[in-house]
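Next come two complexes, and both contain chain A; in the first it sits with chain B, in the second with chain C.
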Partner chain A sequence: MGSRASSLLREEDIEEIKKETGFSHSQITRLYSRFHSLDKGENGALSREDFQRIPELAINPLGDRIINAFFPEGTNKKYTAREDQVNFRGFMRTLAHFRPVEDNEKNKDLTSGEPLNSRTNKLHFAFQLYDLDRDDKISRDELLQVLRMMVGVNISDEQLGSIADRTIQEADTNGDMCISFSEFTKVLEKVDVEQKMSIRFLH
Partner chain B sequence: FCLTDLFVVWFTCLVVLIMLPAMFGISLGITETYMKILLKTLEWATHRIQRASRAEEILKRSASNGEPKSAERGDFTLSDVLYFSTRGIESIVEDDVTQRFTSEELVSWNLLTRTNNNFQYISLRLTVLWGVGVVVRYCILLPLRITLTAIGLSWLVIGTTMVGFLPNFRVKGWLSELVHLMCYRICARGLSATIHYHNKQNRPKRGGICVANHTSPIDVVILANDGCYAMVGQVHGGLMGVLQRAMERSCPHIWFERAEMRDRHLVTQRLRDHVNNKTKLPILIFPEGTCINNTSVMMFKKGSFEIGGTIYPVAIKYDPQFGDAFWNSSKYSMVSYLLRMMTSWAIVCNVWYLPPMTQEEGEDAVQFANRVKSTIAQQGGLVDLAWDGGLKRAKVKESFKEQQQKKYSHMVVVTGNTPTSWQKSQFLMSCTGFL
Partner chain C sequence: MNFENDCRFKRKLTKRGNCNTLSHQGLQDKQAEQNSVKDSYTTHNESVFQNPHHQQEENLTGLPIVTFKWHHVETPYLVIIWVFVAGLAKLSVVELNHHVISVVPESGLLIILGFILGGIVWGADRAQTFKLLPPTFFYYLLPQIILDASYFMPNKLFFSNLGAILIYAIFGTCWNAATVGLSLWGCYEAGVMGNLDIGLLQFLLFGSLIAAVDPVAVIAVFEEVHVNEVLFILVFGESLLNDGVTVVLYNVFDAFVALGGPRIDAAEIFKGIFSFVVVAFGGSFLGIGFAILLSLLTRCTKHIQIIEAGFVFVVGYLAYLTAEMLSLSAILSITFCGICCQKYVNANMDEKSVTTVRHAMKLLANGSETMIFLFLGVTAIDTEIWVWNTGFILLTLLFVFIYRIIGTFLFTWMLNKFRLVPIEVIDQVVMSYGGLRGAVAYGLAALLDEDKIPEKNLMISTTLIVVYFTVILQGITMKPLVQWLKVKRAAHSDLKLIEKLNNRAFDHILAAVEDICGRIGDNWWTRGWNRFEENYISWLLMKPKARKNRDYLFSIFHKLNLEDAINYVSEGERQGSLAFSRSDEAANVDFKKQFGSEFADVMPNIMVDMSNYELGIEHFSVTSIVKDTIPSVSLDIHGQDRKNAMDDINAHHLLQQHLYRSRKHQHRHKYSRSHFSINQNEDEVQEIFQRTMRSRLESFKSTKMGVNPAKKITKHHKKELTHKMPNGHPDGTGHLYGDEEVEGLCVFLPHLIEAGIENPVFLPDMDSPTHSPPWLMETEAVAPSQRAQRRLPWTPNRLRRLAPMRISTCSTDSFLMADVSLTLEEHEEHSQTDHVEM
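Up next is the complex of A and B:
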């Protein structure tokens, strides 16, 4: 009389995900239920369409970029069987970035070095929302793209251009007219990233 | 005098004992006794389960995720994406809409396999109880219920056809109502439905429009057990078509051909004509347009509220402990849904008749619809959502995203009246269930 959805998830898998992401056992089974309910095709993986079926995500101006974050460049076989599908491990790995940072975790020893929800990794997640071509630089074009997504048709190209120019000017320290990850981190150093990029998963 | 004969006799007795009192609206107390035994059993089972395992954990969203910065200028900063991305991830983890199109999860198991999502093996006694439950439900209750429903529906067809032959108008109407009521009462017994009606003084009257939240096709049986309504719907073939034509013979209902339904003016006109005739029965409409899982009320389509006339809102809330009434039409066909209904423990629900409402001065159909929707949601203890139930199958409209973009643009345009950074963070934090 075991549960139906989580019986497809083996204990070894749960243990591995626990080690990699830091989620608790019950959080993982709970999120697996959610993964399963989103997986309309019932093939153990989510496609972009599955995500877009969530209305609140579909109307989010950055919805497409957020969905993109689940489908990293280059097929890492652990997380994606195909380029346009993400399996449960990949799903959890991305969600792990938004785990709150607890004090007693700062010294936790995880196999992959720094925990996925560290400040640096959270910032890196945000950085990659801008950096579409993954060249570790936010160019003026990439910044404009994101700006355009957030404002829609309501601001003219010129105004948007000047906002972009101002932002790059304020952030750029080495004069290459792009924002590198370290410049990005510097700009956001006073922002409470840990709190702003955390979701409470109760357990 | 062999065993099968005995069984048949016992079975017939039971059917008659349940059916006859039902037809005349009286109760012998069989169902009540059954419900009492059921409740005690479920309480015991719950107790055992809770003893053995911890309480269910739930995921919750975070309340807010920001504090006001110092009073800097509130125009665009690189950190703005943080708000949108966190909200996006939150909606991936749990959102308000998609959960409405699947059955509600129970807090504790009610001994039906179908609701067993996260509960593991607890004890032998519980398993035995579950096994007994399966036998009772499939071998005793199911045949009983199928028989009752078959009798009820046949009676509807025969009775309404007979009434249809009568010439006299007044007696005809009264008899027609009687036939309908009896049939629905038998059908309700066929589902082991226990219905509690509240505020009967607000019951819908002739020439009015009854609107209710929609969970399943059974809603019709639930409501028609206590009053007679004119049904509205599409013409079907097969068994449904037979029922529809039979019902039409004894009193006027409103059935539309598929092609007619696309012409909104035609639909509204026919409904209006019916409503304006004060001798005709009140119309029954479900403005959500689709089945929702009874935890929330979703957008009411404004069409029903443009007809004019008095609206009689009705709130229907099922108790999920005894049986899940929600019809997930993308997962189950009508037949398998009915089978699931008939093998549940029972259908228990509360029906509240709410005071009649009419459109006010300066209020358009959409606002009126929302007002009625809130009243129903509040009475039934349901979440009042502005999202369209049609999102079950259709994509959300682009215009909603454009709304979000517009609001954000007003915040970041570099003008003389730039909002403060704090005002902007307040707006961004409220950016979720924006409707």
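Up next is the complex of A and C:
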């Protein structure tokens, strides 16, 4: 499967990833070694099973959804080798959502396109965890599924339904009983998403 | 002004006291006696108590009808008078000076008021007879404030910033103490201060007592400014913990001073550092121990609910005193006791007790705070303590200010290398400017031993000046500074379910991403701790039931629903009297759906809470209506809202329909020390049971038949009523949510009874889709009211959230008060007669 060739990280790849994601060189190499160790098939790409092998992720209530987020809809040659696999660039691209917003990035003009770790992109990442059918709307059923994953078993279905209803009501402005992405952004505008959706990557 | 009058009164009182009791005692006696809250009994009680008795006995010629016994009550009387004065002071500060208070913070005003009061006392006695004494401060005033601060600490925020807080609190305080002490010593050696009898160690001791930022002052100022939550927790957490640190530091240096300079060698210094660690961490662990004790205690207080709230205070205070006894850090002990126990205590205790604790805690803390600031002012008006040394005082002010800034920037710079979200420069400025000193510094200064530190008075006066300078001047300028720097303010937003839901989701996402990156980061630790806490600690410290019912999202949901209910009632009342119980506005709400049967047992408490605490006093609460007998209710309503006689009649009917038969004589509150409940009457239980059964039967019947049997019979009458109602909407078209199904309350019935709520408004059984009061079924003419099927004819602005949640199932919304599906049917006669009566 040509594992040897693909496991080598070429300099130009690094440069490209750097430009796309904003990670530093050392971060990229560090994450590459992680990527490599996750890649049990040694084919330069991760499958869902590779992710599911991470023990902590297996018990994360949103684990499956998050793994899903690594596999984008339209198969882009750049990020995925096959339909159900993600290569290193795709991997990095997803992780880049969680890079903290740095001071010098705040004032940067957006001519070069929005960086992956912008507020909107972070929110969109969260949004698509709910939006299972990817129709840019969170329906009641979709919300219910996520709620069911996150709350304890003590809550009855009916209560959960009311919670879902209420949640939708809070966000829903046009009365279609769904949360669109713009509604989602609007209702969370007071939340410090930049901080709450960032982790520290070692430099 | 208020307080001046009061002072005059108080002065008179003191004078009278003087005349009666102290005229033949020395000035010192008088002073000590009035001063010390605690000492007077022990030191002077013989003289104080015997004298008047002797006098009385000598003069006794017959049986005295009334005697004046000032001495019997003197100490508690003075204490309570001062508490009273403090209360009035707070009142006048808050009430009389609305425009002043927007400029000067309350704490500053209280100090200034203290100056005035002190001046009056001094003018009367020619000496300051009332001072803030360290024991009073440390044993009676401070613990309550610290307990309050820690008990209401936002734990998640606190622990996620714990690293920074600890750095500031420990290293920042040591830095301040050392630099201020050393710099002052340097200046002294350079001859700036003239001739003082202070050595290096004394300077360091002084530095350590002046180092700590005071939580009382900080909370008082920062609460008014509303800075963003991270900044707030940094300053607040630091001030809370560094008090502990500063006391420890003070004790270490105090011991060094006592030991004397030459005898301090490396070993002693090492012992000093070691004792610092032991005292600080020992205190903290002791506090955690007491928190565990308290949590375990509240697990088993089910049958003594009436006093369980007291345990929080008692155990908290015990934590403080025990630490003090073991010479561990008392402040840290009570801090960690409060922080650690809050979650379990709140879950374990009855909801009523939680409210009690919350209010009592705030009451005590606010009271203490007022007393402290007031007395900080009063204390100043005393010629005895003031020693002026320009160099020492000004340099102290300068160093305190400068080293605070340097320290903050230094430690922030180091912290920012590790923080995910760096602390901004503006925030650092506010942090360093927020270094307010307060009563703890004064208390420590007043504790100094005059034998060992000859310049004690200079230190006290310097401390007082630093306190006044920081609290008043920096307090005043803080708000403009925050505005000018455009510090990120606290985003004041309503509680939203979706925000909480997403916060939860974010946590999971971050943990997952960290796992994917293979990094053990903050989220990993947080999650690990949460899991441990969930599995073991909660299991140990929480009631099984509380644990079961505790779900984060659900509790938010629950809270929101409660809020809505309260809004609904108050909104309804604003729009007219008891709008929620008017016959044409049957807002039907479905409890069962919302809270579920497993939570049903919690519900009665909530209802009690709402009516008693939130609404009961100012508003006209449902419970209070129902507890009264029927005629008086009618009168009440009548009195409240005369503009609409129809309302009265409707309400009257409503109540007569839905209340049980009034049993005036058996139905009194029975006095009981340990229960609030009203004694239950067997007849009543019977009645409730019968009504419920009938209503069930009825609902069964009507669903079976599919029609409302007697709808037409009373229709015309209802229409008449509708027309008469000024606010009444014409038939069921004007409301928003037309055909929600009304669901039953009968689940709650037993619980309501248990809880002693006799609120039949909740009881008409809502299972019936026809909304007809079932007990009317005997007369075949039951008309399910159309009006009853309309709900929320008006939609209060704030009730947007009340819209039905479950459109899909056509059920209605969460509402406590709303279940008043009123039916006026079959009351034509009643209404007429009643009308005449009224």
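The criterion applied here is as follows: the second predicted complex is superposed on the first by the 187 of 203 C-alpha atoms of A that agree within 3 Å, B and C clash if a C-alpha of one lies under 4 Å from a C-alpha of the other, contacts with A are read in each partner's own complex, and residues count from 1 in each chain.
Basically, a contact is a pair of C-beta atoms (placed from the backbone, for glycine too) under 8 Å apart; a residue touches a chain by one contact, two chains touch by 3 or more.
Everything quoted here is computed from the prediction, not taken from an experiment.
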item	value
Partner chain(s) touched by A:169 [first = chain B, second = chain C, both, neither]	second
Which of chain B and chain C A:129 touches, first, second, both or neither	both
Touching partner for A:140 - first (chain B), second (chain C), both, neither	second
Contacts of A:191 with chain B and chain C, given as first, second, both or neither	both
Intersection of the chain A residues that touch chain B with those that touch chain C	31, 34, 37-38, 51, 54, 56-57, 60-63, 66, 95, 98, 125-126, 129, 146-147, 150-152, 154-155, 159, 162-163, 167, 171, 179, 187-188, 191-193, 195-202
Parts of chain C lying in touch with chain A, wherever the complex brings them together	420-422, 491, 493, 496-499, 501-506, 508-519, 521-524, 548-549, 551-554, 557, 560, 593-596, 598, 800-801, 803, 805-809, 814
Interface residues, chain A side, partner chain C - complex	31, 34, 37-38, 51, 54, 56-57, 60-63, 66, 95, 98, 100, 103, 125-126, 129, 140, 146-147, 150-152, 154-156, 158-159, 161-163, 165-167, 169-171, 177, 179, 187-188, 190-202
Parts of chain A lying in touch with chain B, wherever the complex brings them together	1-6, 26-27, 29-31, 33-34, 37-38, 51-63, 65-66, 95, 98, 125-126, 129-130, 146-147, 149-155, 159, 162-163, 167, 171, 179, 184, 187-188, 191-193, 195-203
Parts of chain B lying in touch with chain A, wherever the complex brings them together	57-62, 65-67, 75-98, 102, 113, 116-121, 127, 130, 387, 391, 395-396, 400-406, 408-410, 412-414, 432-434
